[in-house]
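Structures are listed in the sections that come next.
Next, two complexes with subunit A in common: one pairs it with subunit B, the other with subunit C.
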Partner chain A sequence: MNIAKLFTPREGQLALPLAIFLHLFYVIPLAVLLASSFQQAAGVPGFSLGQYGEFFRDPVNLKVLRDTIFLGVQVTLACLILGYPVAYVFANAPGKWKGILTFLILLPLLTSAVVRTFGWVVILGKQGLVNTFLQNLGLIGEPIKLLFTHHGVAIAMTQIQLPLMILPIVASLSQVDPRLAAASASLGGGAWRTFWKIVFPLTLPGVISGCLLVFAITVSSFVTPSIIGGGQVMYMPTLIYQQAVVLLNGPFAAAVSAILLAVVLAVVIGLSTLGQKSRAYIR
Partner chain B sequence: MSSAASMNTSTHAPARSASSSATQLDQLSFNWVIGGIATFSLLMLTLPTLIVLIASFSSAQTLRFPPPGFSLQWYLALFNYPELWSAAVTSFQVAFWATLLCVVLGVCASLAMAGSRARWVAAMDALVMSPLALPGIAVGLGMLTFFSMIGWRLSVVTLVISHVVICIPYVVRTTLASLTQLGNSLREASTVLGAGPIYTFFHVTLPLIKQGVITGAFMAFLSSFDNITVSLFLSDSRTEVLPIRMWSMIENDLDVRAAAISGLLILSTALLMIFMERVSGLSKFLVKS
Partner chain C sequence: MSDRENIRFTRRSLLGASLFAGTSFALKACGVTTSSTATSDAASPAGGGSLIATCFAGSWEQFYRQVLVPAFVKDTGGEARITPMVSLEQVAQLTASPQNPPFDLALLDEGPFNAAAKDELFEKLPVDLVSNYADVLPELKNPEGWGPTTGVQVMGIAYNPKLVSTPPSSWKDLWGSQYRGRVSMQGMKTTQGTSFMVQIAKLNGGSETDIESAFQALQELKPNFAGIASNAGALATLFQQEEVVIAPHDLNNVVALKQKGADIDWVMPKEGGIALRPAQQIVKNTKVDPKLAAAFINAALSTEVQQAMASEPYYFVPSNGNVPLSGLLEEKLGSNSAAKVLEKLVLLNWNEINKNRTEWIERFDREVQV
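And then the complex of A and B:
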């Protein structure tokens, strides 16, 4: 009888196992991480802001933070500019094209990030596609350095995050009433004006949630910056790894993690507030 | 993809009988810009995958592209690489158990969340979805610190636990979407007709939300199989997972065998995707929800 009562979906108890699991293995570990960032040194009890002081005093660390945020903004904007047209074409495509487009958009999303990064190594490397192509055209004599640069990381990250921008915009576009665009056209609004005044504002919720995802995942990703950046360009996640695993400086790595968490949380909260406003505006 | 550009024309065309050349130019430039960027993006989206596939059949000893000739040498070299296979087996085990746990915990939680409008549902939703946006590397480091604090040694168990946290959002999201679409009426009908809640779940609700659960499980499996940021801290030499192995292959000495294993992964992902599209309508959940 009691078991049957537990199984009644209207009660909240069914969510309890997951809630307990997540508190135990997710909320508490994050709290532990935060607490350890306030240690003077590993294992030393007491409260200290020393790790944060050390981070913000060193210009090298500040450059890493700046580069990370810059990479996030750059990749987000590039994804928006490249992804919106794909979503627009997808939303207006006839049925038989939709299947192929879905495959083209989803396959990169589902393929392992290591594999996609590896593809960019082959493209950007010294004997890679870009250099071979430019050398055959006679445009360059020596191969140009694309790997181990900030631009290389930004290009690869843009391709890797692109599907995450396209999908929310497609969802938003599919909710726009096609009669609105038709009405605008019949009232003499040109294609560009209809797009900027009607279609784009109505898809802002999708644009904002795409930007949120792309920014948050870009500044947190590890594989692509570590392979394409190759230790020459450092970002927050690679710094955390280096401090925690290579230099075994736990408290400092925890402080860097906390700063990265704060940046992501600020952007997520800011953008989702904006998203709610834009949704209210549409209704 | 000029046809992609012309597709847009059809949606605006009817109102254009009295169009002047200026509005035609406007429409044309719009179609060309949108179609041009979309074509470029789709090429960019597909290129790395194609390049890896082609490079994996190279007959060269280095990663030069385009390859001078084709052979299966890198695929054959994979047979003689036991570390890679043991990493692949570990990855499969971890992804399997993590997915199973995600489905059990996630479907139960979704049932409770879909049936209630209470305030805790929004908080629970934020908690469950947050691992999607928060830095995995911070979560991984936090778990490592936590496990060493309570004295748990790293093992497949701790690895599975950490992957459940990372993968749970996918299962809850698709299952909740299915449940919301389903509504309460069928469940209520079943209850009115005297069926118990367990019977109702297995005979009414589950068959109807099956697609959402399967899609979520598929996404959870893939993201566990692909995860690096959390595994970086929670897998050691005994529990090395495939993405970490591949990462060190590429990072340290650009081992060309990485191309062959990547080729295998691309082909199996593509096949799995087509299979899942048939079974559960994968794209319905990913593209529209």
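And then the complex of A and C:
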């Protein structure tokens, strides 16, 4: 290879600064993390699957893993069901409303997750908004326990992650050619049929990337589950923190992190293959 | 390749961008000068210099910023920056880079401090540089020569006086059937949670090394739990929301809440409150002059600073034996002498507790899962 050629600018080189940064601060630490998960104990050299064995032998850990995945799926579905209509309204709103709607959609992102979480403590409590409302309507006699439960965490997480679902869907909705809907209507397609046969499939890439973002961030979030769930509902990130920082059991924490990473990767790969397929469908 | 044509810098946009960047730097610089406590470089015993100290968030941070750091600056002409952090995180950060520690002075609870590799992470207290060390109460000095307790946090029972008609008087009152679904405590990974469990074990015939009886009692307490709070801040919110009406909690936190208008009050149980004894430690391998670090600890133990620490709004029991208790602290603890108060408090042996603590934390988390 010609040396001079190395210095001619190419597009790939534009990503070089980021690549170097990510290698130094992400890839290498990740490699160290994975390596330490195969240690028998902290500081003991050698290769062992002991930490993983320990994780999968213990039913409590398996429950934590199950709960975490379940939480991710629940929150993703809830965000999709609540977020899609919002995105749809946004995409079809007149221009002057779009500014206001963008602001409203982004509003939750402008406050920190910690503040929003404490807000949810106030809302979900026994004297909170939800319970007072339901009691005043006469729907329930006794306040329902929402704080410190899995459902409470799922509700709060859904609100916190919602913008991450709405934005990608908005992006792909705005790319849908409005003439397609008009064409469908002129061929006798009703509104529902047009939506399900034309619009929804065309926005699948946005839906999938929204789902990816929400799932990955939900299963790895720490603050909201630990404050709303308290000490009695545990998820993978809380388990990792506990093992690494409280119990100083590095290798086990690394193994738990690796397992969480594997779960997220599996979902990412699964959803992206789906994404590829949906893109093929569009063309 | 059409993208390339879109990126075109006009003189105006370049000017705008550089103005923006310049202003941000200027703003950032302003922030630094106001937040660091720089002072005159008058001649001083330690000859100036700066250090970074950690402390706990909340009352401690407020105390550090408003009382301790100004006193230290006055004494030495040095400057100090404060980083709030919980004990476990401090130990974790020091363990991660013992050769290049991110701060110079730590404030640590007994449990995490005793469990850490003390000899590798901390320096023993240079007693000859800390003249106020002589005034520290003997129970609060470290027998191995590490830093002494800075101030004692007293853990007793916090309750909501609006919803609890008869104030509790004993730890056992938490088990009362009238509190079904209204009790909370901090998890066992916190110093408070572990202290409570060990104390319950002691009341039921156990000890610092055997808390089996506390785990049995925990099962009986479970129906009373509204939930386990992850930290003191979360517990405070739960009290404000009336989600919880009774829980073991620190006096200083309860007073802070009460002053903000929350319905909360505090009693010392008849079995005695539990003394939590956080201590300042000098970090090993720092670049800071040991005299300066010692001067910081000396300032913290001085009569004036300890006096301020024992009064509104902090209410820690002073380590300095010359400081009398007054006001609310005297009223709640029943004596004006810190030495007398310490006799009534339970001092736990964390060297013993730490032998099994990790096991207990895991077991606790398992047993409270819903």
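Brief remarks on what is shown
Quick note on the criterion: the second predicted complex is superposed on the first by the 257 of 283 C-alpha atoms of A that agree within 3 Å, B and C clash if a C-alpha of one lies under 4 Å from a C-alpha of the other, contacts with A are read in each partner's own complex, and residues count from 1 in each chain.
The rule is short, and it goes like this: a contact is a pair of C-beta atoms (placed from the backbone, for glycine too) under 8 Å apart; a residue touches a chain by one contact, two chains touch by 3 or more.
Computed from a predicted model, the values in this text were never measured in an experiment.
On the superposed subunit A, the two partners subunit B and subunit C do not both fit; they clash.
Of the two partner chains, subunit B and subunit C are each touched by A:F118. In the superposition on chain A, contact of A:L106 is made with subunit B only, not with subunit C. Residue contacts after overlaying the shared chain place A:Q39 against neither subunit B nor subunit C. Of the two partners subunit B and subunit C, more residues of subunit A are touched by B. Once the two complexes are overlaid on the shared chain, A:Q127 sits against subunit B and subunit C alike. Contact with both subunit B and subunit C is seen for A:I227 once the two complexes are overlaid on the shared chain.
Of the two partner chains, neither subunit B nor subunit C is touched by A:T76. In the superposition on chain A, A:S278 contacts neither subunit B nor subunit C.
In the superposition on chain A, contact of A:V246 is made with subunit C only, not with subunit B.
Applying the stated contact rule after C-alpha superposition, one finds that A:T218 touches neither subunit B nor subunit C.
Within the three-chain overlay, subunit C meets subunit B in a clash at only one of the listed stretches 24-32, 96-104 or 114-122, and that stretch is 96-104.
Residue overlap on subunit A between its contacts with subunit B in one complex and with subunit C in the other: 118, 121-122, 125, 127-128, 226-227, 230, 244-245. By the touch criterion stated above, subunit A contacts subunit C in their complex at residues 60, 63, 118, 121-122, 125-128, 145, 147-149, 226-227, 230-234, 242, 244-249.
The residues of subunit A lying in touch with subunit B in their complex are 3-4, 7-15, 17-19, 21-22, 25-30, 32-33, 36, 81-83, 85-86, 88-89, 92-94, 97, 101-123, 125, 127-129, 132, 158-159, 162-163, 167, 170-171, 174, 178, 181-182, 185-186, 188, 190-192, 194-195, 212-213, 216-217, 219-223, 226-227, 230, 236-237, 240-241, 244-245, 250, 253-254, 257-258, 260-261, 264-265, 268. The touching residues of subunit C, counted against subunit A in their complex, run 88-89, 92, 95, 115, 181, 186-187, 189, 225-230, 234, 237-238, 241-243, 358, 361-362, 365-366, 368-370. Taken together, the subunit B residues at the contact with subunit A in this complex read 1, 3-4, 7-8, 11-12, 14-16, 22-23, 26-27, 29-31, 33-38, 40-42, 44-49, 51-52, 55, 62-66, 105-106, 108-109, 111-116, 118, 120, 124, 127-128, 131-139, 141-146, 149, 161-162, 164-165, 168, 172, 187, 196-198, 201, 222, 225-226, 228-229, 232-233, 243, 246-247, 250-251, 254, 258-259, 262, 265-266, 269-270, 272-274, 282-283, 286-289.
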